[in-house]
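Structures are listed in the sections that come next.
There are two complexes below, and they share chain A, which is joined by chain B in the first and by chain C in the second.
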Partner chain A sequence: MNLFKRLHPVTLAVYFILVTGLTMFVNQPVLLMLSLCGSFLFVLLLSGRDFLAYLPYTFLLLLGAAVINPMINHNGTTILFFLNQRAITKEALVYGCFMAVMLAAVLFWFQSLSHLMTSDKWLFLFGTLTPRLALVLSMALRYIPLFRLQFQKITQTQKAMGAINEDSYRSKGAGSLKVFSIMVTWSLENAIDTADSMRARGFIDHHRKNYQRSRFNNYRFRKVDVIMLGVSLILTGITAAGIMSGTIEFTYYPVCSKLLFDRNTMISYTAFGILVLFPAVMEIKERVQWIYYKSGM
Partner chain B sequence: MQIMQDLAKNKKWITYGIFFIVIPAVTALGIFVFKDRKYAFITLVITVLSCIPLMMTFEKRVNNTRKLIIIAVMTALSVVGRFLFALVPGFKPVTAIVVLTAVFFGGEAGFLTGALSAVLSNFMFGQGPWTPFQMLAWGMIGLLAGLLSKRLRKSRILLAVYGIFAGVAFSMIMDIWTVVWYDNSFQPALYIAALISSLPYTLMYAVSNVVFLLAMIGPIGKKLERIRTKYGLQ
Partner chain C sequence: MDILQVRDVTFRYPTCSEAVLNSLSFRITKGEFIVLCGETGCGKTTLLRLLKNELAPHGERKGRIYFEGKDIEEETEELPLTQKIGFVMQRPETQIVTDTVWHELAFGLENLGLPTSLIRRRVGEMASYFGIGEWFDKRTSELSGGQKQLLNLAAVMVMQPDLLILDEPTAQLDPIAAADFIATLQKLNREFGLTILLSEHRLEDVFPVADRIMVMGKGELLCFDTPGKVGSFMNQNEKLRLSMPCAMRVFHAFSYPMESPVTVKEGRNFIEEFFDNKVVSLPGQHKKAKVRNTDHGLRQEIAGTIRPALELHEVCFRHQREEEDVLHYTSFIVQENEVYCILGGNASGKSTTLRVAAGVLHPYSGRVSLFGRKLSAYKAGSLYKNNLAMLPQDVQTVFLKNTVREELGEGYVQPYGLDFDFARLLDKHPYDLSGGEQQLCALAKVLQQNPRVLLLDEPTKGIDSYYKSRLIEIIHQLKAEGMTILIVTHDLEFAAGCSDRCALFFHGEITSEDAPGDFFEGNNFYTTAANRMTRNLYEKIITAEEAIEICRLNIK
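Up next, the complex of A and B:
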């Protein structure tokens, strides 16, 4: 069981907001590369083969993103070549590449997030803001498999009756529409029954004063959450201090500035590096531990 | 302390607070502290912040359990519809169902169905920073359809025009995010390039909206109308 899967949804959300926020926010090659490494390793460890299957498409998309910038943006001083009498500059190309790195990192972070933030955790977070909408959303989530099953039943019945066929695109479309229409009738009647039943059992549909509905969850805010929250906030603070004070400032135009690796910048790099590489390192540690335990058995 | 407790209880203050204090503050932060260079972050924060009060307000105004469950059903139908009509990629009935919900059950129901459909379908297709933008785009399409509901119910031509508008608007809103996310600023040239490159999708959205709206307003509209009058859901 992976550490991040056991974290409280709030901790998980805060960690991802900090990491993706910083990744979108900083425009600094070293930090972006660190974020890309961390997110790539983490999503690779979490989803493995599925992720690798999509990787070529993602790569093509990012290649496109990297190339667009020099085509449109003609800032910069180092001219590589001319295209339609417009200068293609090295700086714009470098900028495009790092934008692509940023997009990739954010994409990978969100892919790993979708493995960890299951729908129940989303509903828990959503429910603190709008409890009634969280209820609606959880009902809708349950309806999806129910409706798909119902859709199959209706389709089979209609086909058996000869009421719909798939001879042409037109009749296929008309058939789908008919099945959908039948499903709307069925599901709306179902909805009214559900609502009446809920009311009969004491569901209160008005916002009464001082009325607080309790809700079930089995997430506990444990010591590991406190530590995780504290450490990630401190590391973000150190990185943010580096950005705000301008020590790790990096400009692309008109000339790409040089990357500095002195003591001050190394502090920011290390803090951010620990922040983004931590999930992947923990995952690897737990896998190694598992192999070790298994070999001892 | 008593005042603070009252404020915490009264969600209206959160709504006003977000609209009149937090959003201007974030914008000012973006302009003065970050020197107008962190568009992506600021845009994302503002979109999330404007979704929250709208959802909280509408949640309050839908004070009928039946309507609440109907929103759940319409949200689920819009997602299942994506599988049902999966003939051509991009050809999906989500917008049409959001508009129909708004036309028959009001703008609030339309907004909530739109916003929740975005969240729900992204459980299957992947959540990302684009989720709040989809929520806002579909929500607004629903809200606007609710405001025009009387006219949209009467005229099919207007309904078709609204379908085209919704498709184009959705594409344009999402492209704002694409451009801002990519460049961390807003370059008109890049935005136009994004609009042109997404033209096939925009066209597909508009066509599918019109096709689904015109095909559904008859048979499915009749059913929604029946539920609306029978159970008094105005």
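Up next, the complex of A and C:
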């Protein structure tokens, strides 16, 4: 029960490119706030407690980002106070705050993306560009946990044999080096077996006439993907039109411009609002729906 | 109709002067289930690989191999043959190519260039048949050994082969997963008429399902006949005799003019028919058991005077904070100069117990002590010198060097109790040794720590019956030398053969412990083949040797 998890990787990728793209390049307070709300709610719904646990650190980072701008940037006309004979201006502070908002929003979008875009989906996207690379990546992803586990096992064994002791960093390092050298041999051994297994199942690595390897994937491009793509592009278009025409333009220096909430600007704000809040709203809607279904059972 | 025909095949590796295979000839009919057995190094793998062109080793080959009437070499440039002969190898991990289960299943079909819709259909079909549906979306690294091997089988079966060749596919699996795997093969054979050629050294499970057994020795075909008839050939070779199913071993210890029983049921009927049950238990063993019993009873009374070698006291351990306890208030005592075997199901936490006992993993509560001192009291590596040593499950992890000679050290002195000739292995790479050789070589290395307490984790994994019996002898010798040994194993026959006390580990704790005779007699399901065969006829018979002995006393 999660619309975004069910989407085709291409739809997902396009949506995130549009949203993060707009967020990064449109330096407009209302849009940034909307983006922040949408991304924050979405990532909170997706990862819950894990996300909250890291939130204080994220907040500190952003606070830093917000404070740094007025320290190094002294543009602006409204002087708040002087620090080391340098003017700290309101405009620079506002700009810094919205930079932090932008950073936070992008960060949250990427966090939710990492929840949704599993390595399978990444591989599929890469694979459309280059099938060979996709296979190599898939094999690498298979191999990394295997390598790590074996490394761990050898280290444990060698520790119990007294060959590696962790009394000092130096002996620990020397031990790791020894384990690493045997891991090379081990990897080569494994590679031979894997290559055999590939050949036994008809993998041919040289080019042969009339031979085309096909590529299987689990994803289907459904109607919901078409709608999702269409709507996202239209909403982005409306927002972009607002930016291009200058109706929602906002300048920070030398004086912060006034925010307008007339009909023209409201169209852009609403379009962007729907675009960024949509995932969170869908997530909430589906949860409520699920409770309703369950109670109906 | 013959699906496979091998005519006068001789094979020699480029670097060897002697041929590995010597003018081998045989035919396999469509739909047969053939088991290939023979001692390690007799050329089984070479033969199987020659049958699959893509995997054929380099070397000098004479003779011809026909698959469905066509020479397999003539068809090398065409794909269909790849599809028709499936091949599954020994190690579950290394055969897996991709990162997810669904991709692995599709891999072979992608190579055939099939369209997505057809791949989806075949993969779906295969996944449902093998019961893979539940872990279809998982990463391949998250699977258990048994699941991995089942995936390898399914990934070959999606290509719809006519002949399936398997090279010791269950060697790295625990007995339960191995039996499941064999049952799946049997199902494929019975329901689809799939021709199967399987090499194996654990024969108890495969003999009952095989149509014919191919026995190889030193590159020659010794015998190729039904399971009931090959026994007399195998019985002549000491190494092969040990690998026969228990019923056959008992049968061939005597000479009755009939076909040999193969299964436990047949073995039981055979004993009921041809032997009395006047002598119910072995005289020597009865006494032994009595002593053990009093030992056991006394243990609590004079706990103060008997020195426990290794003790776990209310130990709790978990891998991650959010996870369940793997060890939950686990307590047991291994006494000095005792061989203590912990048995238990798959993933029950036996291995974890051993690693906690070895001080490699640290419990979050409870105490582990060695000779009365906490493990942490042994400072600066003194724990692993002259005190405690562990042989891990994956013995390859013991080796760090390029030759056995370097591994064991120049001027290597064989420890007392390890009666094995390493001379011919010295210049090999440890990874090139057979499973049994690796095990003994790793044991030799571990024994250089001169331990008083030795911990063994699944020592019989991937080794054949001959090495298993050698290992039992070695354990007896080490015990005679005064060593205390703690073994964790799935292998009931092995535990029955070497231990002083057996314990069942279940749900994070030791649920029962006893001398092996009582332990297996008390279990109804979790017991050895010999015990199942003689249950209610004789008492406390747990190994094939004991079964033979008691039958001798009861000859009609």
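To be clear about the criterion, the second predicted complex is superposed on the first by the 274 of 297 C-alpha atoms of A that agree within 3 Å, B and C clash if a C-alpha of one lies under 4 Å from a C-alpha of the other, contacts with A are read in each partner's own complex, and residues count from 1 in each chain.
One rule holds for everything that comes next: a residue touches a chain if its C-beta (ideal position, glycine included) is under 8 Å from a C-beta of that chain, and two chains touch if they have at least 3 such contacts.
Note that the structure is predicted; figures quoted are calculated from it, not measured.
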| item | value |
| --- | --- |
| Which of chain B and chain C A:Ser119 touches, first, second, both or neither | both |
| Which partner reaches more residues of chain A (counting touched residues only), chain B or chain C | B |
| Chain B versus chain C as contact partner of A:Ser187, first or second or both or neither | first |
| Partner chain in contact with A:Arg199 - chain B first, chain C second, else both or neither | both |
| Touched partner set for A:Leu107, first chain B, second chain C, both or neither | first |
| Partner chain in contact with A:Lys153 - chain B first, chain C second, else both or neither | second |
| First, second, both or neither for A:Leu141, with chain B first and chain C second | both |
| Which superposed partner A:Asn217 touches (first chain B, second chain C, both, neither) | second |
| Which superposed partner A:Ser47 touches (first chain B, second chain C, both, neither) | neither |
| First (chain B), second (chain C), both or neither touched by A:Thr78 | neither |
| Interface residues of chain A shared between complexes with chain B and chain C | 119, 135, 139, 141, 179, 181, 185, 190, 194, 196, 198-199, 203 |
| Partner chain A, residues of chain B touching it in the complex | 9, 38, 40-41, 44, 52, 55-56, 59-60, 62-66, 68-73, 75-77, 79-81, 83-85, 87, 93, 112, 116, 119-120, 123, 126-129, 181-184, 187, 189-190, 193, 215-216, 219-220, 223-224, 227, 231 |
| Footprint of chain C on chain A - complex, ascending | 119-120, 135, 138-139, 141-142, 145-146, 149-150, 153-154, 156-163, 165, 167, 178-179, 181-182, 185-186, 189-190, 193-194, 196-204, 211-218 |
| List of chain A residues in touch with chain B within their complex | 20-21, 24-25, 27, 65, 68-69, 72-73, 99, 103, 106-107, 110-111, 113-114, 117, 119, 122, 126, 129-130, 132-133, 135-137, 139-141, 143-144, 147-148, 151, 169, 172-173, 176-177, 179-181, 183-185, 187-188, 190-192, 194-196, 198-199, 203, 205-207, 209-210 |
| Partner chain A, residues of chain C touching it in the complex | 52, 54-55, 79, 82-83, 86-87, 89, 91, 93-100, 102-103, 106-116, 119-120, 123, 139-141, 152, 155-156, 159, 355, 358-360, 380-381, 384-385, 388-390, 392, 394, 396-402, 429, 431, 445-446, 449 |
